[in-house]
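Shared between the two complexes below is chain A, which pairs with chain B and chain C, respectively.
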Partner chain A sequence: MDIVTVVVSGLLTGGLYATVGLGLALVFGVMRLVNLAHGDLIVLGAYASTLVMAWLGVDPFLSLLLVVPAMALVAYPVQRYLLTGLLRRGLEPPLVATFGISLVISAAITQLFSGNARSLDAPYASAGVNVLGVQLRLIDVIGLGIGVALTVLTALVMNRTRWGAALRASAADPVTAGTMGINVNVVYAITFAASAAIAAVGGVLIGVAYSFTPTSGTSYILIGFTVVVLGGTGSPLGTLLGGLALGLVQSVGGALLGGQYRDFVVYAVFIVVLALKPVADRIVENRRSRLRQPVVALRAEGASS
Partner chain B sequence: MRTLLAASSAGSRYRSLIALAIAVVVLFAAQGAFGRYQTSVLTTLLLYVCLVSAWNLIGGVAGQFSLASSAVVGLGSYTVVMALRAAALPLAVVLGLAVVGGALFSAILGAILFRLRGFYFTIGTLAAALATMTWMTTWDVTGATTGISAPIQLIPDGATLYRWALGAAAVAMAASILVIHSPLGLRLRSVRDGEDIADSLGISPFTMKMAAIVLSGALTALGGGLFALQKASVEPFSAFSLNWSITIIVMAIVGGLGTTWGPVVGVVVIYYGLTVQLQSLPSLSALLSGLVLVLVIRFLPGGIVGACRDLARWTWGRLRRPRPAARTA
Partner chain C sequence: MSKKSLAALALAVLALAGCASGGSGGGSGGSGGSGAPGDTIKIGASLPLTGALASFGPILQAGYQAAVDEVNAAGGLSADGQSHQVELVVLDSASDPNKVTDQSRTLVEQNGAVGLLGSISPALTVPASTVADLEKVPMVSTLTPNQAWKAGNPSGWQYAWNMFFDEQQISDVSFGTADLAQTTKKIAIFANTDEDGIANGALWEDQAPEHGYTIAYRADFPAGTTDFTAQINQAKAAGADILFGVMIPPDAFALWKQMKALAWDPQVAFCQKCNSQAAFQGALGELAEGASVVYLANPSDAAEYAQVTARFQKEYGRTVDATSALASYSAAKVLLDAIATAGSTDADKVNAAIGSTKKEYPIGNVSFTDHVFSADVAGLQWQGDAQVSVFPAGSGGTLQAPVKGLQ
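Up next is the complex of A and B:
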């Protein structure tokens, strides 16, 4: 494989990774909830799509018209009546609850669909396409397109709508947002529902591009967290960049070390990034305080004169 | 404050140790009465008690929600099987190797991951667990995906294994009791409940967490090594399966985090109450244990043991204090 192919295919996979990370980043950014069930929501979306496809005989992406609202409807009460109450009790209870939900989802899928690997059939699943002289899979290009589209959509909703303003207010200070007439509990629940909807899109994308089993969620949750840690939770754009960076690193790592180490590269990158994160945060913090210093000094001078 | 001091009192420690000693003697003496199947179920149960008590030290007492147990269980399993293949050493030496290996591995893990706090630590341990599993599926030395099996003549029989499992569970429980009712346990809980405050009082959170993870890792590897002997062969997908971490955590939380007897209750409820009863339906028992976990964290934050303690305290309070109506009469 030449270097261009490695880079381009890495970036394309990155689009999928951004989709996986986006839902996690949303939930974590708004309510500091670590959703250990996000990977299982992704897999659930893929299995729900197999049901709709078998029932109506439609295209996987068309099945999203039913799967996305269904996932959002299921997710809304989980946040509203279970997780929001637990968030007030500290970090661990909601973490444990999502852990339990993850267990329930993957076990239920195993029970209903057996543990065999499946994939979503689509005529374009293995079709090739030529971009800039590089032979690529069409589905990977679609994946990048979806990742970018979801990022832009989320950014627009967050920054340009009243609802987005309510969401940002709830994230910044839930108590004050509550006194301003924002129903924070509903905002939280809608955020979680939106995150599940994004997970469903990611699930269908994964289902068409690769295969999935009831336990695939575990590896995707880790990919998602790697993206979140790389890209931060501040903005959807950061998540997209995090996804692209991870895709690139994985592709280059796989090309250098051999295909069987592709997953290992992700985990290793993740641990290294996590280990370096406190250092990086400190550097950023130092630079910020250094930037602030002259202002403070000027004010002090002004006060003394 | 009073409850903390009470928890660290010597009386409570001796009562727990005596109860443990009685339980061990009874289980040892009753061995002859068990059939093959019961012995095997009890062996598994005791090994789970060892693993869950070990996790309780790091996850419950020190409050570090680690998902890396599966890596340490796998490490213990592989150490025991590889050591038995390399040389026909006595079982005690082989298990000792696993304990040392588990402690060393946990120390390395802790040195890297305790730079992180809260959920970053949790996710870091998840990455470590998955990374070691992926690594083991590609490493030729340990037979990659096919794994390795121990020489059949060196595998102890069911009765011997039962005694080893009883010993391992007893050691883990005794360690838990000694730690929980000691100044070390008090310091660990202070790190769990307020890391910065503990730090400002001169308790090093890093040293405390390292002590907890090393002790926990040593006991986890011991349990993992004995589990490998029960199965006689190891392969990466089951020895390093994340299911170990999941099962252990579910048991610990359902029983009662940070309590001495919570692990035992959790193991009995989840393993004996669900896994054994629904042996032919593993995914249904996984589903139910997930549901139980969600219900426990929602309605019984202290687990079963915590709820019983609250109930006992409440009834005790009612009994000691006469009702207002009775007082006025």
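Up next is the complex of A and C:
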């Protein structure tokens, strides 16, 4: 087993996984919304691309110029006029609603396109590139590049723009954000639209690299959730690292234990991280508060003198 | 992340993991005869109209429906002293074996089906066969390798019958076709962990030495695998220049693209199940050129089937889809002819009539031994828009090696 190829391949696949998880992390991080339709949005993006490609005869990635805004335009009112209202009633109603949306999307795609597996045709879909003696798939390299670019773009928007500040405020405390003049409902809707747009990019990547059917979304949302848990919902960088970690674990696990254990490795890691994350978070928080204590003591001294 | 959020996330993932094996739900209506309830003889099938095996479902349905339409056009079936129109009721299993079980039971208990028709692959046909035996309703299936199907009930099926070819034939033709090319005699097996993957993989591995071949590498993986990078690189490193594969179509599309990208271009590449339908070339385009499959040989040229053969060959072209449609037509005809022979919809009489079948159908001269009929097979290869018969020698085409689409 060539360990270098296994590791590199895992990291490259992780770039795609990061794209899959980014939209989910965004929505979950801002709204605490578990979007069960996210996988189907990814698949919908792939099918939308097939339509644009057939209509205009363009490359799959060029089709995103139409598909991304279209997906965002469809997602905005869904969040604005359906899911936001349900969010006020707790976690369960929007969960059920997004599950319903998932079924509707899947059924609609099946009706329109049939159940046959498809893939997006492009010259780079089956092209290889040799990097330092390691033969790699060009689409995997592209996938990693797109994953990193989307992560950086999302991080810049969230941390360097007014809208990003509004988003972070809405995520931290929507009630207070609302009293400060932030239209939280619009922020939520734009976030959901952005998530759908990112899902569309993921869909085209998957369509070019692999294949898709109307029911493929389920497997990708499982990957998305695993990435979110591994990387956390707090930062896009965490999502990227989570995706890379998942790709690596999957690749190494499959190479060591055999392909039939590939999924087992992923879900085992998912469960272990779920179990240990609260403990890890507590340890980190304790360390932080111990570091703050000398500062607090100094301030108290200063005040008394 | 708060505990509540974490719990919701975990619950959602667990629910989805359960749904992941289910796929999308729903059924589709049947079609066929008319008449007041009680006047129509119903036969049912749970087919993969969606999901991973969706490319086979409509073909099976087309073949079954053609047989039903033919019988109805000729005045229906005579049973219990009356003439009855036949109705085919089809439910969409979404390629989910659990749904096949539920739906097969529904077809018998709620729709009143007096006979069942099978699905594709052991994963979907065995559950339906199990229901047929439990409900004591005759079932005829095809597009399911015989040995893997028989292994679904080691004590022997009672009401279920299968008409296809078996894994030994796949093995013989695979090695025979590989003999036609100049190779290193080193094979890489890529087999998924479904019943037919296990059965075929084991037979190839056992019989390679007697044919003068070595299994240089073997990859086993679950259905739904999309990343084959490690496996392809290991096959290359092992010096394999022959691929014997069994997997579902979506996995094969990913594998073929990755083989091309990672510059593994075998001399011969077989892909059972994945390449058993024209959608393989539809999805892969030029990449599919040169890919091979062991499949049913040319259909019977009996005059009574000339019309239906011409219809399917026009609809599906010179591909295995036409052969698959004729195979499913044959399965439905066997069931319907058995009902006519029995003169009754009584399950045991129909079952006995199926067992006594000795007649030519498009799939071949059908007679059952131990509930199976083994059809003739050939090695087929994509050459342009057609799947040309390249083995046995003299069957019409010449094997092209290496695999052009992967060059």
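Operating definition for what follows: the second predicted complex is superposed on the first by the 284 of 305 C-alpha atoms of A that agree within 3 Å, B and C clash if a C-alpha of one lies under 4 Å from a C-alpha of the other, contacts with A are read in each partner's own complex, and residues count from 1 in each chain.
Definition applied: contacts are C-beta pairs under 8 Å (C-beta built on N, C-alpha and C of every residue); 3 or more make two chains touch, one makes a residue touch a chain.
On a predicted model such as this, the values are computed, not experimentally measured, just so you know.
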When the two structures are superposed on chain A, do chain B and chain C clash or fit side by side? clash
With the two structures laid over each other on chain A, which partner does A:Ala125 touch: chain B (first), chain C (second), both, or neither? second
For A:Thr218, decide between first (touching chain B), second (touching chain C), both and neither. both
Given the touch rule stated above, what does A:Leu86 touch, chain B (first), chain C (second), both, or neither? first
Which partner chains sit in contact with A:Leu138 here, chain B, chain C, both or neither? Use first/second/both/neither. second
May I ask you to decide whether A:Ser9 touches chain B, chain C, both, or neither, giving the answer as first, second, both or neither? second
Does the superposition put A:Phe270 against chain B (first), chain C (second), both, or neither? both
So, does A:Asn116 touch the first partner chain B, the second partner chain C, both, or neither? second
Touching partner for A:Val34 - first (chain B), second (chain C), both, neither: both
May I ask you to name which of chain B and chain C touches more residues of chain A? C
Once the structures are superposed on A, label A:Ala255 by its partner contacts, choosing first (chain B), second (chain C), both or neither. second
Of the listed chain C stretches (24-32, 60-68, 240-248 or 312-320), the one clashing with chain B is 24-32
Residues of chain A at both interfaces, chain B in one complex, chain C in the other: 34, 91, 95, 103, 106-107, 110, 218-219, 221-222, 225-226, 229, 260, 263, 267, 270, 274, 277-278
In the complex, the residues of chain A that touch chain C are 1-2, 5-6, 9, 13, 28, 32, 34, 36, 91, 95, 103, 106-107, 110, 114-119, 121, 125-128, 135-140, 209-216, 218-219, 221-222, 225-226, 228-229, 232-233, 250-251, 254-255, 258-260, 262-263, 267, 270, 274, 277-278, 281
In the complex, go through chain B and note every residue touching chain A. 63, 65, 112-113, 115-116, 118-120, 122-124, 126-128, 130-131, 134-135, 137-138, 242, 246, 249-250, 253, 281, 283-284, 286-287, 289-294, 297-298, 301
Counting only contacts in the complex, chain C reaches chain A at residues 1, 3-6, 8-10, 12-13, 16-17, 19-20, 23-26, 48-52, 54-55, 57-58, 94, 193, 219-222, 224-227, 229-231, 233-234, 237, 249-250, 253-254, 256-258, 260-263, 279, 282-285, 287
Residue numbers of chain A touching chain B in their complex, please. 34, 82, 85-86, 89, 91-93, 95-97, 99-104, 106-108, 110-111, 218-219, 221-222, 225-226, 229, 260-261, 263-264, 267-268, 270-271, 274-275, 277-278
